[in-house]
Each structure stands twice: as C-alpha cells, then as structure tokens.
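Chain nomenclature is as follows: A, B, C and D, assigned in order of appearance, with residue numbering initiated at 1 for each chain independently.
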Amino acid sequence: MSRYSELKQIAWECNQELPARGLVTHTFGNASAYDPESSVFAIKPSGVPFSELTAGQMVVVDLDYRVVDGNLKPSSDTKTHGLLYRHWSDLGGIVHTHSPYAVAWAQAMKPIPVLGTTHADHLARDIPCTAVMSDEMVTRDYEEQTGQQILDALSGFSHAEVEMILVACHGPFAWGETPQKAVENSYMLEMIARMAFHTLAINPDTPRLKDTLLRKHFERKHGPDAYYGQP
Amino acid sequence: MSRYSELKQIAWECNQELPARGLVTHTFGNASAYDPESSVFAIKPSGVPFSELTAGQMVVVDLDYRVVDGNLKPSSDTKTHGLLYRHWSDLGGIVHTHSPYAVAWAQAMKPIPVLGTTHADHLARDIPCTAVMSDEMVTRDYEEQTGQQILDALSGFSHAEVEMILVACHGPFAWGETPQKAVENSYMLEMIARMAFHTLAINPDTPRLKDTLLRKHFERKHGPDAYYGQP
Amino acid sequence: MSRYSELKQIAWECNQELPARGLVTHTFGNASAYDPESSVFAIKPSGVPFSELTAGQMVVVDLDYRVVDGNLKPSSDTKTHGLLYRHWSDLGGIVHTHSPYAVAWAQAMKPIPVLGTTHADHLARDIPCTAVMSDEMVTRDYEEQTGQQILDALSGFSHAEVEMILVACHGPFAWGETPQKAVENSYMLEMIARMAFHTLAINPDTPRLKDTLLRKHFERKHGPDAYYGQP
Amino acid sequence: MSRYSELKQIAWECNQELPARGLVTHTFGNASAYDPESSVFAIKPSGVPFSELTAGQMVVVDLDYRVVDGNLKPSSDTKTHGLLYRHWSDLGGIVHTHSPYAVAWAQAMKPIPVLGTTHADHLARDIPCTAVMSDEMVTRDYEEQTGQQILDALSGFSHAEVEMILVACHGPFAWGETPQKAVENSYMLEMIARMAFHTLAINPDTPRLKDTLLRKHFERKHGPDAYYGQP
C-alpha cells in the first residue's frame, strides 16, 4: 500500500463528487488534494472517464510536477494545480470543472458581478475573470501559464478572500483549505453563475449588492465575529 | 425523549423535503414548524448540511429567540422566522430557500407579475418583493429586520392572502397554516418564478392576467364557494 | 369490482406518466381516458396529489358531467374534457398539464410557430393558442367554456390534424386516439415549446419551416403513404 | 444466432446510451454501428420506443440500403447513415438525436461558433450547419439527400476533422471511428450548443476563440504531439 494512499483516497472521493453534482461529464475536469507536509498533491489521471476512476489510479505529483506515485499520466492540467500549490502553501485542494453556466461566463470573458447574498456568503467581491492568455504564454507553457493567469487576476487579494475564478475562454477553477471545500466552492460558483445569468436576463440594469449587505453576509460567515454555523 | 420531539420530527421532515424538491443545496435555506400552544418553533441548526441532518438536531426556540430545546445553534435566520410567528400567531410553518429562479427575481429586485392561472391558483396578486434594507437596519439587527421587511412589504394584505415573498437581493420566503403547506408554497414560488421568466422572455409585453380570470382561479381554490379539491 | 375498472386502470396509468415525465407537479394537471362504447370517461379526482393517487380513486363521468362511478369529486377540469369528448367521439384520451415551457407560451398568448422537423413530425402547422376568454364566458361556466375556446381555436382543422393546443393565460391541453397517445402528445408539446423558445432566442428572425419540408415530415409519419414506424 | 449479433449488440448499447444521456426521447433519434469488413451497419428499427428496444430488434443493412438481417423495418433515417458510410469507409458509427440545444441551433440555421476550449477540445472550427434542402432534393429522396447535405457542408474538411454537424431545420448528427465515439460526440455537441447559447446571451459580441488557443487545445488532444490522455 502506497504511503500516499490516504491522499489518493481523498482526491478520488472529491473527483467522484464532481459528476455526482453535475459539474463535469465524461473526462472533463479534475480535483486534486494537497499534502503540505510532504509538498505533494494527488490528482486525477489524464483522460480517464469519471465513471471508471479508482482511488488507486490517482497520481501523486510533487511541486516540480514530477510523478512520485502512480502508474498513469496525471491530468493535463497538473501544472496549473502545481503552480497554485507552490504559491499558496496553505491550500488543501483545487477543482477544475466545465460546469455549464460558469463556462458561459468564462467564454463571455466577463467577471460575475455580486448581485445578492448567495454570492456574498462566499465572496465579498465579483468573481474575477482572467485576461485572455497572450500568444507567447500559450506557446511557452500553456498549463503552467494558466496558473499564472489565475495568480495575476487575483492581484491585491489573497486566495482566502477569493476562492473561485473564471479562466477566460476556458472555464472555472476553485480552491479551498480542504479538498472538500474546493469541491463546494466549485459547486457554489456554478450556482452563483446560474443565478447571475437569470438575474441580468430579468433586469439588465441590476446594480451590484450594496456594500453594507455585502459586508454583513460575508462577515457573518467569514469575519472575526462570524456567527453562522456551529461554534 | 424531548417533549418537543414531535415538533422536531415535523420540522426535520420539512427540511428534508427541500433538497428532495431541488429548492436548496448544501447548507442553504431552512424550514421551521410552529406550535401555537407552547409558542415555540423547531428550526434547522445553523450550517449543518441537509444530507447529514437528523430530527434530533433540530433546535426549539421561543418567541424571544431563546433556545428551549436542542444542543446546536439554531439557523442564522432564526429571528426572521421568530418575528413572523410573533405577528402571525396562526401560522404553522415558514420556509426559506435559495431556489434559483426565485433568487434571480429577488436579486433583480422585481415583484413577479401575475401572468397566468398557475400563479392565480395560489395568489390573487403579484408576488411582492421587499424594499432593499436600509444601512441602519442592516447594522441594527439584520435577521430580525429581514422579518420586518417582509411584514412591511405585505402591508394591507394578510399573510393568508400572500403566502410567498421575495426579499430583495436575497431570496424567497414562504409560509402556510401548516409546515407542509409552507414547503409546497416554497416549491410553487419557484415554479411560478420560472414560468414568469420564460413568459417575459417570449413576450416582454405580456400583460397581467385579467381580473376576472384571476378572481375565478383564486376563488375556485380559496374563496368561500371553493370547489377545487375534495370536500 | 367496478365494470369500469379497466378504464380507471388506464386513466390511472396515464396520470402516473405525467409526473414521471416531468409534466406535472403536486396536484396540477390531469389525464382522462374515454370509452366510446359507453360514452363515459375516467378522470383524476380533484386536488389529490399524484404521488398518492390509486387506480380505484379515478372517477368515471358521463357526457352530461354526471359521476357514474367513484367516491371522489372529479377534476375541476372535468367539463373541459367532457365537452371535447362530446364533440370528438373518436377520441381516446385528453391530457392537461402545467409543463413549464408550454405554460410560458400560453401565458405569453403566442402560438408556437413551426420551426423544424420535430414539430412537423407531429403537426403540419403552428400550435394554436386560444383567444383570451371573455368575462361573460368566465362567469357563465368557466371549465366548459375552456373546452369551447379550444374548439373555436381549431376552427377549420380536425382534432386529428391538431392534437395539441395552448389555452391562453393558462396552459397546454393535448389529446389522441388513445390515452397513451394523448400523454405522448402532451410530452412532445413541451419539447417543441422548449426548442422553439431557444431557437427564437438564438435567432429572433428564424422563419417558419418551408412547406416542402413540413409536408415531407408530416406525411412520412401521418400521410396516406407514411413509411415511418413498423407496418 | 445471427452472424451479425455482435454488431447488433454494439448498436443496441449505443442506442441505449442516448436516452440515458438525455439526448433522445420516445422514438426520436438513432445510433448505428458499421462493420467495414462486411460493409454493413446495424441500426435502430423505425418507430420503436427506446424503452422497449432489444438487441435482437436491431436491423442490419448493406450499403445499397438492403436489409441483410433483422425482422423489422430499419430507421427512416437509414439512407442518411448509409450514404455517409459509403463515402467514409473508415467510420465506425453515426448518431442522430433531437437533443434540445443542438436542435435549437439547427432550427435557427446557425453554425455554432467556437467560443471556448471545451469546443476546441473536439473541433478546430465552428460546428457547421448545412444549407436548407432544396425542394427538388426533398421530393427526390429526402433521407439520402440529408446525407448529401452533410457531405456538402463539410466540403474542404475531412470527417475526422469535423465529427459533428447540424442539419438545418432538423437537428444534429455526429460520427466517430467507433460507435461509442459517435455517441460521445453527440453528447459533446449538445454540451457545446448549450454553453454557446448562454455565452452569447451574456455577451452577444463574444469573439471567436483566438487561433493560438484553438490550436493549442485541439492539438494537445488530436495533434501529432498530443499529450492528453494515457499513452
């Protein structure tokens, strides 16, 4: 039994959550789980349908993108995950999906404006959309540069303040202090994207949520005096 | 066994109905059941995922928002429920969800116009949308003031005439003479919100349902000579 | 055992199909099955949730709207069904639902234009929408007049040429030579309504299907030289 | 046991996938599996509901559209499949559905522009839409001419470069080197059609995906140096 079997098991469970919640289909998308002690992460193997995935097939990779455990090739998005773990050492998991409403916003190259409290419960600002990648970055190292685009788009905010993002022309990424939290953020991003879509279809002039309400909802869940949830 | 175990069981069953009908996800939303004899209500505990909820975890609260039974912290929306029960002593249940089409209308800050008989079967007027809460109310006591916003938005109508509402920038609340009826109203609000969305997308100039048809449908279900359903 | 038990069984099975296919929720909508030999039809009882319905609860009604078998009150829409059976003696079944896209077109008071072959496989013209009922008709005998509105909207076409319709401000009705065919038509109406909605959202100037294609698809299924399906 | 029983089994399994993935309903749509050695294909029988289909009912047809095995009449779209197999001898399967978003684009008579990487992972150009069939072609041999329309619309591209298409006013066809790949392409066409619909609703001026990103995604899956998936 691999010394990484627990990490692989967790990563596999999170990958299983993605089709169960309607966030991915076939082979698209991937979840990874990071172990800060050994500085490695377990990630889905490339091109394997979710319906056939086993925990033993998960691939463990270090922060230099070298496979340290597993018989299969890791996800083609491995360097995107790796670059983020390298910069954000307290991260527990990353999820990438092709969930339909989030992809629509990413393809439209628009950040998702904060329009209500469901959004503010998770994020005290718009969900950012990265810039479109330059030709030079695409040809240099596409997957690693995708991670760089994400870092750039957050500039001025910490990854704990903004745990979900749209990569322009591509689709959503989400993360969290645990892999399970990353899955949940990925799911909430799709819900928020869907609600924002319909809100603006009803009223294209819907203003952003006013600041007091935004702060109230974000702080009651995430602030120093948070009172949502159990102590 | 708690003297409130029956009330907690009913509240738990109604909370279970919410994810089963696609009205809530994860920890969002809550149902409560009121006992007018002892002036207490059972409500979902705060931040507990619906999938892990047990009847025993339900929290019983009195009309001064004091926990009288249960080991967990009640829903962060407890004061909203409480204020409504205090004003409407014949109420049996209240449901709050983040169902997607109703949230879209709430975020767009628009009442849902009565466009057809499905709506009129439940409500003889538009589904109201509250005003956006003032900064002063947000900072004073946000959750109690949410209840106040609901009371204000109904002004001139009884809660029996209007059993569903949109809280601006937030989402839907519904109620009824029983907790089960509150769940059903919550579900119908989402259906009506969805149908109105598509109706206005087909024809943005769709007029309100004419008054004779509105009255006919509402009265055959709810009027003094109602003939819908079994005697 | 009632002499009508077979008819009630068929009507019950068709009513069960409606929630299974996502066409109705809770107590909304109803299917009936007609027996031309005894000139009676079995229909859903009023206000009973589909999930609790039993075959024995179905109500048998004659063409003067008198209950001839059953212990419950028949559907509030019984006279609509009855009037249609009275005029179309070769009909086998009628279905009324509140399926969401069809209701949206009905609320928008728009016929559904024939935009493609899925539509033409069932109907060689637009799906009609009735006129809005006059105040006089609403107050005289609402449910019977709903049937009259349907007859009027078909004027010039036989019920075999047009097996599905929208009642303005209300929702869809469909029928067929058997009750099962009525259920299928009800389902196809929802599919066609949904496809037309998205087609016109993509291209608001989409023209009607050209006549040769319309004829080709309708005739290969329904014409004298039909070659679709098994001989 | 028929010498074609394996081919029929494969075709049946692919047909079963279609309702399971929400791509077809009732009797609409069909999948076929081609055997290049004996130059025959197994296809769904005409007008049989998917829910009642058995592997033994599949019909085996040669490239002159003659039934060589099976007791039922083959799909009314048999000549469309046959013409394509005649021209593309290395094809393994063809799928035709009435999946709702793809039908909406086909009815709107619009190609689906390449707006993101989900699309580019499958196809390095827009998903073509055929011309509307001329009256002469409709009356000559409708189903065979549907195949001809597909061949014409691809002109200049190989069927390996473009594995999915919209037939104007009708709906989607997809193919692949195996029948399973044809089913997958059929499913991805619906996903891409849905995402493009919402993208253009958010931003009607969304530009096509830039060429470097288009090439990058297509090549990493399908180019000579593809590195997606397992070796």
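To be clear about the criterion, a residue touches a chain if its C-beta (ideal position, glycine included) is under 8 Å from a C-beta of that chain, and two chains touch if they have at least 3 such contacts.
These numbers come from a predicted model, not from an experiment.
Novice: Give the chains in contact with both chain B and chain D, ordered by label.
Specialist: Correct list: A, C.
Novice: Determine the set of chains touching chain A that also touch chain D.
Specialist: Expected: no chain.
Novice: When the CA atoms of chain A are placed over those of chain B, what is the turn angle between 0 and 180 degrees, to the nearest 5?
Specialist: The two chains, chain A and chain B, differ by a rotation of 90 degrees.
Novice: Can you check whether chain C and chain D touch via the same residue numbers (shared by over half) or via different ones?
Specialist: different
Novice: Measuring from the mean C-alpha position of chain B to the mean C-alpha position of chain C, what distance in angstrom results?
Specialist: 33
Novice: How many Å are there between the centre of chain A and the centre of chain C, using C-alpha atoms for each centre?
Specialist: That pair's centroid distance is 46 Å.
Novice: Check each residue of chain A and list the ones that touch at least two other chains.
Specialist: Residue numbers touching two or more other chains: 200-201.
Novice: Which part of chain A faces chain B closely enough to touch in the complex?
Specialist: Touch list, chain A to chain B: 115-118, 121, 184, 187-188, 191, 194-196, 198-203, 206, 209-210, 212-213, 216, 220, 227-231.
Novice: What residues on chain A touch chain D, complex-wise?
Specialist: Listed in rising order, the residues of chain A that touch chain D are 25-28, 45-48, 72-73, 76, 98, 100-101, 103-110, 132-133, 135, 138-139, 142, 169-171, 197, 200-201.
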